[in-house]
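The structure's right below; bear with me while I get my questions together.
The first chain written gets the first letter, and so on, giving A, B, C and D; residue counts start at 1 in each chain.
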C-alpha cells in the first residue's frame, strides 16, 4: 500500500512508544504518532501536554498544545507547573521534539539560523523543548534530514542532547540517564551509540540507501555493519491515519 | 526585583479591601499599562489570551513594551506588527504552532526592529512567575543547563549544597502588567477558570498590575458557593472588565474554539507591511470596543459556529493548511 | 534523597499503566507499609485524615514508624499510644488544637518513649513535600531563620547569590508511605477532593507509596467529565480502598463534621495507660474492619448527626470544654 | 457591664485589626477577635487560615484551623502552599500567635519547657507560628502574663520576634520591616520600642496597675511616663461575643 514520508514517520515514531508509558507531546506529528500508538499496540500510553492536559481522549488533532482538545475527557486538567514538575520528578518516559538543526550528539536548535543578535532566520525558540530535552527519560526527535539540518556545529544550542558527549549531561547538572533516544526523518531512524553518545543509524526507510542517509548528514554518522530496513506502515495504520486521525490532512498531507 | 521590594509593592499597591473593580477595558488599559512596561499575557498560545486587552493597547498606541514570550503567539505577533512591542523575552514566539511561523514577528526580528532580549524555556518562564508568586528571589530547576538557552537567560548555575551537583536558579519575574482572560468572576475580581489553568495562578500573583477580562460577571454569592473553584482571589486584581468572546480568535476552553478562518486571514495579510496595515485598519483602529470587533469578525453567526466547533459538533477546517 | 534517586524510584516503582488498584485496606496496609518506615498522613489536624488507615496499622501492629508531624493530631496521638510510632518530625503534634494538649503524646515524649527527631514549621513541611513534588533537592524559603526551630531542622541557610541576603533551603521529603483520604476516586486512583486541598497535591507526588482511602468509588467517566477537579492522578497511587466515614472522628469537609463526643472520650481515656488500653480494646483491636468501627462509634444515627452538624443544622457541643 | 479577662482580650485584639487588611488566624481567641472586628469596625477584614481558607463567612467557631468552617462561603478554598506563599509575598498584614514563653524581644516558645532532648513539658511545636512570625507584616501575640511565661531567656526559640534586637531579623534573612506588634494578655497591652525593639507597655487593663504588670514580667519592661488604660469592651461587643460568636462558651468561658 502506498504511503507518503510523513505517514512513514508517524508509523515509525508510534512504534517507539510503549504501552503503559507516558509521553510528553507537542502539536502535529507527535500527537498523530501518539494517537496511532494508542489505537494499535499501546492503548494505555499516557499522553501529557505542557499546558496541563494529562491523559486526554483526544477527539481531533489539537491546533495548539494548550487547546481544549488536549484535556478532553482527560484524567486531569492541571497546570504547566504540574506537568513540568511531573517531568522533573521522573514520571515522563518519552518526549517528542522537532528541530531546525541537530548535531551528532542530538543537540537541537530551534532558536535561530545565523547569529543570535542578527539572525538570518528567527525561529520560535525553545518553547517546552529544552524542558522536555532536559527532563524526560528519553526524547524522540522528528525532523527532515539534509546537510543544512544535520550539522557539525549548531548555530545555537537550544535543547540539550548529549552536549559534548559521554557524561556531559550529568556534569552540566541535568538528570541522570536521560537523553535523546531516536531521531526519525524522511530517510531513516537513528539512535545513539551507548559509548560515544554519537548518532548511529538504526534503520533506513524502504527505498532509501545507507549512502542516501550519509549524503544527507553533515557530520560523521556511525553506520553499523548491518542496517535493517524500517518496517513499512501497515494497511491498518494507514487507514487509521487517513480516516480517523487526520481526515482533513492537516498534518499528514 | 528583590523579594523585599516585591513585598512592599504587594503591601502598598494591592488592597485586601473588597472593592468594586468593574470598569471599561479602555479605562483599565489607560490606567494600568504604560509605555516601556513589561507585559505578560495569561493563557497559552492561542488559548484563553485576552486579545481584547491586546487590541485595546494597540488602539491606545502603547509603545516600547517588553513582552513575556511564554508561548506567545497571535498576541505577540499583532503587538509587534502594530509597533507596540519592541523587545521580547522569548520562550516561544514568532510562530503560530501548527499553523507555521509568524511572518510579521520574524520580519521584525530579522530586520532588527524588534530585539530578543533573553531566551528561556516554557518551564523556566512558568517557574519565574512561580518564584515571584511564592515571594522568593528564584526557584531551583534542573533545566537549561549546558545550553545556549541558559547563556541567554538571566539564570545562574550554582553547586547544590545538598547534592554537590550543579543546579539552575531561575530568577523571579514580576511583570509590570498582565491580562488574564477568565470564564467568570465577580465585580471584586474573584475568578474561576475552567479546564487547564496553565500558569495563570502564578502569573496572577506575580503581576504588579493585573487586568482581568472575563466572559461573564457573576455574583459574589456564586463565587462563594464553590470557593474551591476560585483560581485568582480579588486581592491580586486591579481591574475587572466584562468582555464576552474576549480571546477571539483564540480558543476559550469549553466555550468556543479558535477561529482558523480569521487566523488564516491574518497569516496571509501579515506577509507584508501593507497587509498588516489593512488588518489593523479593518479590525482594530476604527473599532470602538470589543463588541464592535466581534460583529466585524462575523458576529453571532460566527460565534455560534465556534461554539459548535468547541463542542465537536462541526469538523474543523484549517484554511491555512496548504497541503 | 537525591532527586536522581527519586526519579529512579518514580520511573520504576510507579506505573503509568491504567490498572485497577481496588483492594481491601487490610491488604493495602500489609503490602505498602512496613516497620521502621517514614509515614505521612494527608489532611490536616482533624480534617480529612485517613483514620481508617491509622487504625489498620495499629491492628497490624506496625512498629518503630517515624511520622511527619505536619499538624498531626489524633492520628499521631493514637499511633504513639499504641506504640506504632516512636519518632516524630514535629511541626505540630502532641496537641488537639482548640481541645488542648494530648495527654498520651505528651506522656510518651516526656517519658522518653518517643523521640522528637526534628523540629520545623507547617510551611516548612509543606515546602519539603513541594520540593519533592517538583523533583528538586530543596526549596528556598524565608522562614525559620534565626530560631531554634531552624537549628533542629534539616535545613541549611546560604547566602542568596541574587540578593546577597541569607536564605533558607528546605530539603525535599519523600515519605516511605502516605495515606490520603479523598471524597471520591475511580478504581485507578484518579482522585477528587472538595474544599481546601491543604498540602495533599504535593504529598501525593512526594510519597514513595500512596494509599488512597475514599468515601466513594466513582466511574472513570465521572472523573473524566471534569478533569479540572482531579487533584491526584492515578499514576501517583498504589492502592485504592473504599472506606466511607474513613476519617471519623475527624471532619470530612462538606460531608460530616468531627465527632467531639468521641474526641472527648479519647481525651479522657488517654490520660492513663489503662485508659488507652481500654480505648484500643474497644475501638481498634477487636474490630474486623472500618464498617464495624463505624457501627461501634454510633452507626448511622451518629453519622446522620455528624452530617447535620456539617450542614450547620445542629449546634455544636464540645464535651471536652470544661469551662 | 461586667466582663471576664478573655472577653477583654478578645475586644482589645479586635481593635488592633484594621478594615481592609488581612489577618492570618489560628483557632480559638484569634478567630473570635477577628470575627468581632468584622462585626464592628472592620467588615472588610480578610481572614486567612493556614490550611487554605481565604475570606470565609465563618458560621461558627472552627475547632481546627483546617475544618470546613474555615472556608465556608470563602472567596477561595486554596492550599497551605497558596496561603503561605501569599504571606511570603507580603499579602498578609497581621498574624495572631500564642505562646508558652515570650522574651523582651517578642521571641516565642511553643516547643518545650526544659531541655529539648529531655523536656519537662512537651508543647505542640511551631505549627504555623514560625511561618506567621517570619512572614506577616505584624504579629499580635495573645497569651497569659506571669513571670514563668514572660521570661528573660526562652527555653527554646520557636518563633522569631526581634531575635537579638534591632536589625537582627534582617541579618538573619527574614523579610524587611516585619515583626511583633502587640502582645495582649489578661493584664494589659504591650508593644515594642521602635529603637531598641524591646517590649514596652502600651496600656493596662481596667483595675490593673503598672506594678501588677511589672511584677508579672520576668524581664525589664519599658514603662512610658504615661500609661493609658485599655478601653473596656463595649456592651455591643459583649453581646456579640456572648450571643453570636461563642454562644456555647467554648473559647470565651
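Note that a contact is a pair of C-beta atoms (placed from the backbone, for glycine too) under 8 Å apart; a residue touches a chain by one contact, two chains touch by 3 or more.
Predicted model only: the values in this text are computed from it and were never measured.
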| item | value |
| --- | --- |
| Whole-Å separation of chain centres (CA-atom averages), chain A against chain B | 28 |
| Gap in Å, rounded to a whole number, between the CA centres of chain C and chain A | 41 |
| Approximate Å spacing (C-alpha centroids) for the pair chain A, chain D | 57 |
| Shared-contact residues (touching 2 or more other chains) in chain A | 53, 71, 77-78, 88, 135, 175 |
| Where chain B touches two or more other chains, by residue | 3, 135-136, 141-142, 167, 195-197, 227-228 |
| Topology of the chain contact graph, where touching chains are joined (line, ring, star, complete, other) | other |
| Chains touching one another, given as label pairs in label order | A-B, A-C, B-C, B-D, C-D |
| Chain A-touching residues of chain C, taken from the complex the two chains share | 3-4, 6-11, 14-18, 132-136, 188, 190, 205, 223-225, 227-228, 230, 233-235 |
| In the complex, chain A residues that touch chain B | 27-28, 50-53, 59-68, 70-71, 77-81, 84, 88, 107, 111, 116, 118-131, 134-135, 156-160, 163, 168-175, 247-251, 253 |
| Contact set on chain B toward chain A in their complex | 43-47, 69, 71, 73, 90-95, 97-99, 101, 105-106, 109-110, 112, 116, 119-124, 126-127, 130, 141-149, 152, 157, 165-168, 195-199, 201-202, 251, 253-254, 257-258, 260, 310, 312, 315-318, 321, 323 |
| Contact footprint of chain B on chain D as seen in their complex | 19-22, 44, 46, 53-57, 71, 73-78, 85-91, 93, 135, 137, 175-177 |
| Of all residues in chain C, those that touch chain B in their complex | 2-4, 135-142, 156, 158, 160-163, 167, 169, 171, 194-197, 227-228 |
